[in-house]
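Before anything else, here is the set of structures, which you'll find just below.
Look for chain A in each of the two complexes below; its partner is chain B in the first and chain C in the second.
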Partner chain A sequence: MITVHLPRDLAAEFSCRDTLAVDGVGDLAELWAALEQRHPGLGRWLREPDGALRQHLSLFVNARRVAWADERIALRAGQEVWILRAVSGG
Partner chain B sequence: MNEHGNQQLAETDRARAESHVARYHRQIILPELGLAGQRALSASRVLVVGAGALGSAAALYLAAAGVGTIGIADGDRVDLSNLHRQVLHGTRDIGRLKTASAKDRLAALNPEVRVVEHRGYLDSGNVLDVMAGYDVVVDGSDSFAARYLVNDAAVLLAKPLVTAAILRFEGQLLVFRPGEGCYRCVFPEPPPAGTVPNCAEAGVLGAVAGVLGSTQAVEALKLMGRMGEPAVGRLGLYDAWTGRWQQVQVARDPACAVCGDHPTITGPIDYDAWCGVPAPAAGRGAREVSVAEAERLMHQGIRFVDVRPAAEYARGHIPGAVLVGPDTSSANLPGTADTAVVCVCLQGVRSAAVATRLESQGRSAVSLAGGLLAWARAGLPWDGGLPT
Partner chain C sequence: MSGGNGGCDPWLTVIMVGTNKGLFRFASPDRVHWEALGPVLRGTSVHTTAYHAPTRTVFAGANSVFYGAAVRRSRDGGETWDRGGEGLAYEAGDPERVTAVWSLAVADEHGPGTIYAGVEASGLFRSMDGGDAWAEVAALRRHPTHEVWDAGFGGKCLHTIAVDPHDANSMYIAASTGGIYRSGDRGATWNPVNQGIRAEFMPEGQQYPAAGQCVHKFGLSAARAGRIWLQNHGGVYRSDDAGVHWERISAPLPDDFGFPVVPHPRRAETAFVVPLTSTLERWYPEERMAVHRTDDGGQTWSRLNAGLPDRVYSGVLRDAFRADTQDPLGLYVGTTNGQLFGSADEGASWTPIAERLPRILSVQVVEGDPFS
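Let's turn to the complex of A and B:
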């Protein structure tokens, strides 16, 4: 099982929880597909038309920033994936 | 000077030294800080960007701790709607420049601190000159444009940067020392304009700013007092909703546009253009802007349109605002189809409806939250009788 953390306002937009448990995914491509299947539109919203993660989002796998969100990046059970976007309030 | 005068001077000095030690006694007895650390703080200069919610909490603790020089950069005025989170300012300060209000408050807290007002917003033209005079930068600004501006300047001048941001129940904290990465390494691009709401639109719990702003003060004091382990290399995520702090690791990105191996940004750029002009969130009605933001848009030359009936407009209005009336459509607005406008009415209700209608007609329009009442209350430019 992979734990995925989403920005709370994005989760609200798709009426899902901001922390999701996803089973049976072995890489990023499978994770995007699983998210899209569970919450139609979400998997697509997270990526540019060419499949790359949207520019203003930052992806962290196991607490490490992934500069280039290659779809082949392997995920293992127990890992945490953070999808973050900056906020600007001060 | 006679012997008596000399003796008096010596006594004054001694009294001052005693009160100095007494003031900071509880932190001087921390062996990790001590007298040497306190002396380092007294000799330090910190620039606080934004006297808003984060800047309020940070500046108060930095002043209380005895940092020698605190620069405050802000061009905004105090608004009633600021006070639930911007604890530097009081009810009596409404309408005043935030830098002036901050200076008074910090001087009252600790007269030993030198507070320098930088009135007006930092921009590409002045940021390097202002920042050059400081040792550490604490960023509590409230726009992406300002955040990237401050970050790039800190990288270019090799200044440590303690940056934080808040929204609703969430806070983000990042600390960078020169050469160890920057804000752009973590967030290379700002979100498209209008996709991430600001505090005026989405709200924020005031005390969340206290948590993040105080943490910024802690990190800045650690850097200046040369103690502890700075929270570098991590993005701190505070979730007030669950009461959790979580951290993810960040590192310098060799491909970073400003601090990478082959930087493409070698001087301040046009940050407003780069971050995009204000755009509405799709399907949620037109975006509302605060009085402060509206004032900023006015300085940027964005056109103001008054949607009240002509009789109301005639009694008094914002100088330069164009009367368009309540039934206006995109076709009879000033400017061309891609000219953005700020819609105003007495309380901000009618203008929100008009702005939403204009948006649906493909026009970029925002509405002044709180309307002309809020504008006039802030003491901003006004022609004719004040609105009631």
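Let's turn to the complex of A and C:
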């Protein structure tokens, strides 16, 4: 099981918890697909059409920041994925 | 607060005020007394809004710095919003991305539920099901002149869309920079109609190109077929032949720079502009806020400032000035320092509706009660 942490405002928009447990995913591509299946439209809020994470979001996998959200990044049971908003902005 | 008017008279007019930090709403039963309904879409930049009266749907061009651009919908006067439909994006291999929604136009004359969205980077999208599914009107960006489109100071945006009220097959868009384009076949093909509009930022001898002008706003006359009013980066223009020829009509104005232009919906010779200094301050000439009205097609202009402030260092952006349809005409203007003024007498006098809002990007008039 992977634990995914979403920004609270995003979770509120999709009427879901901001911490989600996702089973049966082995890499980032499968995680995106699982999230989209569970909450249709969520992928469009997180990523550009070419798959890139939106510019002002950050992705951490197991406490390490992933600069380029390569869909081949492997995920293992027990890992945590954090999706965070930037804090910049006026 | 919840919408509605507590069983009293229904709201006659609701002003939707889009700011860079959310959408504010002001409702009135009589255009004199206004009630603030509180901000929604908090933290989101609302570049534009539109209203579809038959379904009582408010559309918002809601642009999140984190989650991207969407056309979100409310069916309760703005109290709650959906997350927008699908497809408002360029394809994965496209060199450009959709980063903001700048303009909306409901267009039931192109089929019930049709709505257009103009986006940054400049392009046009259409939904034919009320905003559930979007697809690009691809012929526009395929026009050969697209290669000269560039970003103005506000971004590379398609900021104005209008279907001709006299001919439903005819529609216009404007992009900055790029200019004004016309389609005679509901978007299947497009041609620039910029001839005669000056691009003063180009070198001498090249200032009248086919495309590339920095058009700030246009408005089609509902009172006279073929008439278009246009505020260019420099100069106000009028066309009486659907954009084939343009006449520059801004010589009497205190400055030829400005963003919005609002045609009178019933009087063909009347339109309103808000001149700003063309130097980089972009505030009102002599720091005195004023709307200017012509009643003779742009030969002369009257300065209307009764109730508007002096010594004010703000401006009015392209989507932040609107008219209602009532008689006498109501006008609503929002400023970059968060003031909203209304006039119920065609601009002769103005009263503040709201102050101390965030930077106002857009103003929209909803007539009828969107809450009931």
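Definition applied: the second predicted complex is superposed on the first by the 87 of 90 C-alpha atoms of A that agree within 3 Å, B and C clash if a C-alpha of one lies under 4 Å from a C-alpha of the other, contacts with A are read in each partner's own complex, and residues count from 1 in each chain.
Assume contacts are C-beta pairs under 8 Å (C-beta built on N, C-alpha and C of every residue); 3 or more make two chains touch, one makes a residue touch a chain.
Treat the numbers as computed from the prediction; the structure is a model and nothing was measured.
Participant: If chain A is used to align the two complexes, do chain B and chain C fit next to each other or clash?
Facilitator: Superposition result for chain B and chain C: clash.
Participant: Regarding the shared-chain residue A:F14, is it in contact with chain B (first), chain C (second), both, or neither?
Facilitator: second
Participant: In the superposed arrangement, which partner chain does A:F60 touch: chain B (first), chain C (second), both, or neither?
Facilitator: After superposition on chain A, A:F60 lies in contact with chain B alone.
Participant: Which partner does A:D50 contact after superposing on A: first (chain B), second (chain C), both, neither?
Facilitator: The second partner, chain C, only.
Participant: Would you check which partner chain A:A69 touches, where first means chain B only, second means chain C only, and both and neither mean what they say?
Facilitator: In the superposition, A:A69 touches no partner, neither chain B nor chain C.
Participant: A:I83 in the overlay: touching chain B, chain C, both, or neither? Say first, second, both or neither.
Facilitator: Neither chain B nor chain C is touched by A:I83.
Participant: Looking at the overlay, what does A:L6 touch: chain B (first), chain C (second), both, or neither?
Facilitator: neither
Participant: After the superposition on A, what does A:A34 contact: first (chain B), second (chain C), both or neither?
Facilitator: neither
Participant: Once the structures are lined up on chain A, find the stretch of chain C hitting chain B; candidates are 111-119, 147-155 or 345-353.
Facilitator: Residues of chain C that run into chain B: 345-353.
Participant: Taking the stated contact definition, name every residue in chain A that is touched by chain B in one complex and by chain C in the other, in rising order.
Facilitator: Comparing the two interfaces on chain A, one with chain B and one with chain C, the shared residues are 9, 56, 85-86, 89.
Participant: Contact residues on chain C for chain A in the complex?
Facilitator: 43, 65-68, 83, 86, 89-94, 97
Participant: Along chain A, where are the residues that touch chain C in the complex?
Facilitator: Interface residues on the chain A side: 7, 9-10, 13-14, 41, 44-46, 48-51, 54, 56-57, 85-86, 89.
Participant: Looking at the complex, which residues from chain A come into contact with chain B?
Facilitator: 8-9, 55-56, 58, 60, 63-65, 67, 82, 84-90
Participant: What residues of chain B sit close enough to touch chain A in their complex?
Facilitator: 50, 52-55, 139-144, 147, 164-170, 172, 186-192, 195-199, 202, 204, 209, 235, 237, 241, 247-251, 253, 255
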